[in-house]
């Protein structure tokens, strides 16, 4: 969203002419591309491997956030001759300037910022029914929609997220998956990085953009201490907050404790927190009973993929009609106190900020690109496999190698003596 | 600026009607006011002291950033019957919605976002010539302008910043100051807090809004390790950056070293940094010779009051005409490399983000409000004093007390035995 | 070691009587026991399960560091009627006062502080040949020694460490393991905690005790960014150091980079570091070529289990005979420069400090105790199993539960709706 | 203390010969000297200034901790021909090996480890009466004692600490000071560094040596947030603790709050803390009413100069006779709970650890050395001055310069344009 705001500010500055969305989108795309050298290295690698031969002409259905980083991945697919249908993984996160830019390249794009939830589902359904040969997804929605069609066009796909992973595993268990899917989230170069470092920074960024408040000295309750929660807690502390962690898993709770955070039940934390950030991937983390205990001025933000973590219906039911403080924040009055909900409970880093930065997305998208090539190149071998798969080890390793190069990091390698030491029981 | 962008996004959402700047400005003002309880406590205190009696009717010239927080201070002056002329301390930081809101209250406001530098100086000159009785300033420009008039209308004033402090001291030394000025920046409740915690957070916020890049893993060069530099370095590290500090003062350099930062000459750091943040209050910190050594992709941001720290003229002279990446960032091409300048060298936290948060500004502005009252109540006693003064101790203490109350902090007090122990040489 | 130094200081204070090692050992044991409530909860649990019935009379060979924490585990074994032979896992780490205390309880103890390496091997060999029925090991040495005997007395065992794990896996692969071994290090409640938090703190503690130097501002090179390296790097930074990480694994290197550390090849880091801490579990991490590049005054410490990480032979060969600065540090002169080696390359946290604190050891030892009970109770079922096993899930969960209780942490549990949400593909 | 323990361990290792205290002391002295290059640079500077001419033959009474670092300062005094009488500033902190070493050089040393408090006062009294010409003090005790004599031998002195500073100011106010005293603590190169970085590290070091406990996850209450408290809080957090700060000063309380610590009244914190570290310079910070509220197992340590912060008499009065857990920790039983007092309430970093590291002490001692030379060289000018003085600016600057050199830090200098900018009101 910020980008189309920026577009407007460009307009503002140029005062009279209508904003050229394509021009702005082009600049955003170029800025992202410059900051995604890992994806470029993956691209170069595939060129050396003559990837065009096996990818050219394939119709690929892509359901991703329509962001400048996605545009760089789409550009890579396009450079190998793929035919792309793109649908927004979340309408609120769609950048219209990027949509306009991609459209100008001849990509078929569905999605506009502030589209309705109904648009979202119908756009995905349309794409699912259009007989894609491959599917790239973020959250599993397109795979689920395709599973409800009778088509057998699709021979392989990928998914980007933790949420998608668990949904695809369920789908496979129930024998509703009809082609192999690589769970990109399982790549070490993906989930170690985007969940922790990507969401960590961008969630704080979204919080600051939406509220303009000081983080230092605030009591921030982080619900969930998985990779996302760890990243969010660390960055909140890095901005000077005092962090309380809530968990359902004992081992994660112990980790949070030894990392120096206070660990409490959510029922207790509810009355202490000034800012609540949900990072669980679950539903109903903050509900009616918590809202009733909260301090006047409490701020609620969701860092998880789906807008189920804060029960917004509960909030609406016990309060007066909300008052919009700014585009990213609504005030709910409950018996004399105010609770401020960010982004209507949608994922705060994508709606109020720009989601993962290009440096993070390049790791995921290099895995995506190489995985799509892998599936296409093994099309025949895998045709009877209807399972979820990990990212092949060699792809994860390639992405690591490209990342080291892009970030300029030097590492050592084991010599012969060391390799044999690692495998020996005589020390 | 973000607020009027937000205004536009409000417009976007309401699709057809023209944006109601006053309505948006009102909401912004109310959000700020809710988050500035310290200023409210100062206000209540002055009411109990019948401040209206001595403040009512005084014409006060105010040169501050036209922000939602300033609106809360203006509202307080207004509640005591003062007659306010407000001029922008920096046109780029002016929020048009706030200007509209204040105008709707009958305040005389000069300043609009993206005004020219010429507007800025002429607006200040006009206000200086309008015979204000008191002056509230941010950076000393209005005091300097007034000193060039022949008027003797003004009987007291204040200034907000480090930059203003040193300029006013020069002015006083040269016997050009004709009334007492309280240097609000000298209050412990001001400079310990806004420079470190306020600028620390908002500079990182501005950096992230302007670039959308990941901070973790980046080499961030912080020039200057005074209060601002300390805050910026700490928050950059808190977001995962690797920080290099440059200094001219040996004691500050030693502090930075023992705080775990790398300390280097700027000539060496120039070729290592990926992001440069100037925090010196000086001029010409980054110049031609540094630009020539910088890495491809280097990003330059200024966290100091004046746009003198990065020598933009040097940058322009050695590069091709800049390419606007987005409203906050220009690309300069220098022999095959790109350098990205944020906000045209203007203060990044105010231009690309929202400046200090209301929780920080309330400390400064409570000092401002109480200092203005102090000067007005001592008008006769001080009339022959033409000096810069510290904030009176009792005001600093009051602000502390209000802040403890607002933040909900409990502190202890020394008992009789402890007070005597503190003053004894027999232990 | 520090404990027997303390013993001497007790002697000092009491001036004339010979120190009562048993009395000092008793106090140390009681202090540890008070700080190991998790082990106590495991003990209580086993009592409720009538564990004595299946454990009583079993001859158990234990090879662990002879520390106050081990004494608490031994005390638990003893309370269930087991017959214990204890041998030191490392002579340098043996506390004579604890040995004396355990001996006074009738435990058969082999090991004394500053014993020779030859004593170490012969003591282990003796124990291996004594037909133990169960084996508890730390580093796999006793298991390896037993595998060389012809005995079939042993029906089950455990091991504590990462080093032991990889050696036992090799042993099993080569079909030299004749009974099931539970790899306690694999428990989440073990390796997430002792490697990171335990070794992290105690290695810094050992460094400070051995050198007495300031950590703040020092360049500390951490070799290896596994759990141990992560903990050591974090604590070093927490004390104000500037940390450089070296790695062989790309993913770990990227993590270190995004955690804000500098990542370099060891060849480069060698000339920059002031303190080197090896955390790799490997051999020959610092060798001749590195010593030659090091700065005057460089300090070398090993945080890994075996004294192979710093190649001490290389160091000796290129330098003059070492000069003992204090009991924990030797100075090696190499062409005009001095390099200081801590603890002769042995693990610095156990030799110069006290190893893991009791709060950490209680997690490992609760897993040990419950695993030994598990193996004994399943003796017949498992008798033909000659494999390495993970700690059974229910044991790991029990230890978590006890730890939450002991640390006073509250966690939530998923409700029915949430459990079903976690397993559903329809969101 | 640890050093003479180490001495004993050396003895242990050499098994039969009596320990050579002088040899051990010599090694300790050499290790300290190697790590105090700043003092060496000051020494070299004075040599170039022919300091021997004005210092030779002067009888100087020195009351400092008898540590390896002090030995390096004494060695410097001696190299300029001064005649030194040294008395321990605290008997518990005296290293007998250093005393032995200095004695072997012909220095007159009074003090031995574990001496009584009575010895301490009588030793100081003796020195005060011995007609010293100059006095170097730590805590003001020797100055106070000399002020009670009738002698007029002394023509100048210095003091090292915050405590000494306030006592000397009282003394001067009451006109009992008969010669100029330079307050070394006031040097920027002293109090910015030793209080924060020195005491910060060494207090945590002392805590870990004395208790052997894990710091991560513990609730540590830091009483006082001056320089010492700031350092202790930061290092405790750096080891993973959750820190609560108590204060009497509102501005410091606000700083602690914005630094992310919880701020509370001591009455509330008393029942939450697991470890209490007093850093106030005050008396009676923790008293009967706090002990009664503390959790079972609470640990109390004092980081201030005098053993008045924890009221040990109160503790003794409400508990059973203490039980010595180890030489640094006593257990007090109060109605079923245990409270553990470290070092009998004496300063924990000097008694249980080694005090400031040599890198920190070199800054203080370089100021000491240069100040003594300054006073001696200005003997006639200052003879009628009976006041406390700050360290002359040029000395502070010299020490900075030497420190930058010793730590290898590069800083920049202002050019002409920048110097004039700093002094101008026209920007």
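To keep things simple, chains are lettered A, B, C and D as they appear, and every chain counts its residues starting from 1.
We adopt the following convention: a contact is a pair of C-beta atoms (placed from the backbone, for glycine too) under 8 Å apart; a residue touches a chain by one contact, two chains touch by 3 or more.
Since we're looking at a predicted model, the values are computed, not measured.
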Identity of the chain that, by mean CA position, is farthest from chain D: A
Winner on C-beta contact pairs when B-D is weighed against B-C: B-D
Chain centre separation (chain A, chain B; CA means) in Å: 35
Interchain centroid distance [CA atoms averaged], chain B/chain C, Å: 53
Separation of chain B from chain D, taking each centre as the mean of its C-alpha atoms, in whole Å: 39
For chain D, residues contacting two or more additional chains: 197, 216-217, 237, 240, 257-258, 407
Complex contact set, residues of chain C against chain D: 1-6, 8-10, 12-13, 27-28, 30-31, 34-35, 114, 197-198, 200-201, 204-205, 208-209, 212-217, 235, 237-240, 297, 324-327, 338, 353-354, 357-360, 407
Interface residues, chain C side, partner chain A - complex: 139-140, 144, 163, 166-168, 170-171, 174, 188-189, 192-193, 196-197, 246-251, 253-255, 257-258, 263-268, 282-284, 306, 308, 396-397, 400-401, 403-404, 407, 409-415, 417-418, 421-427
Chain A residues touching chain D - in the complex, by the definition given at the top: 214, 216-217, 237, 240-242, 257-262
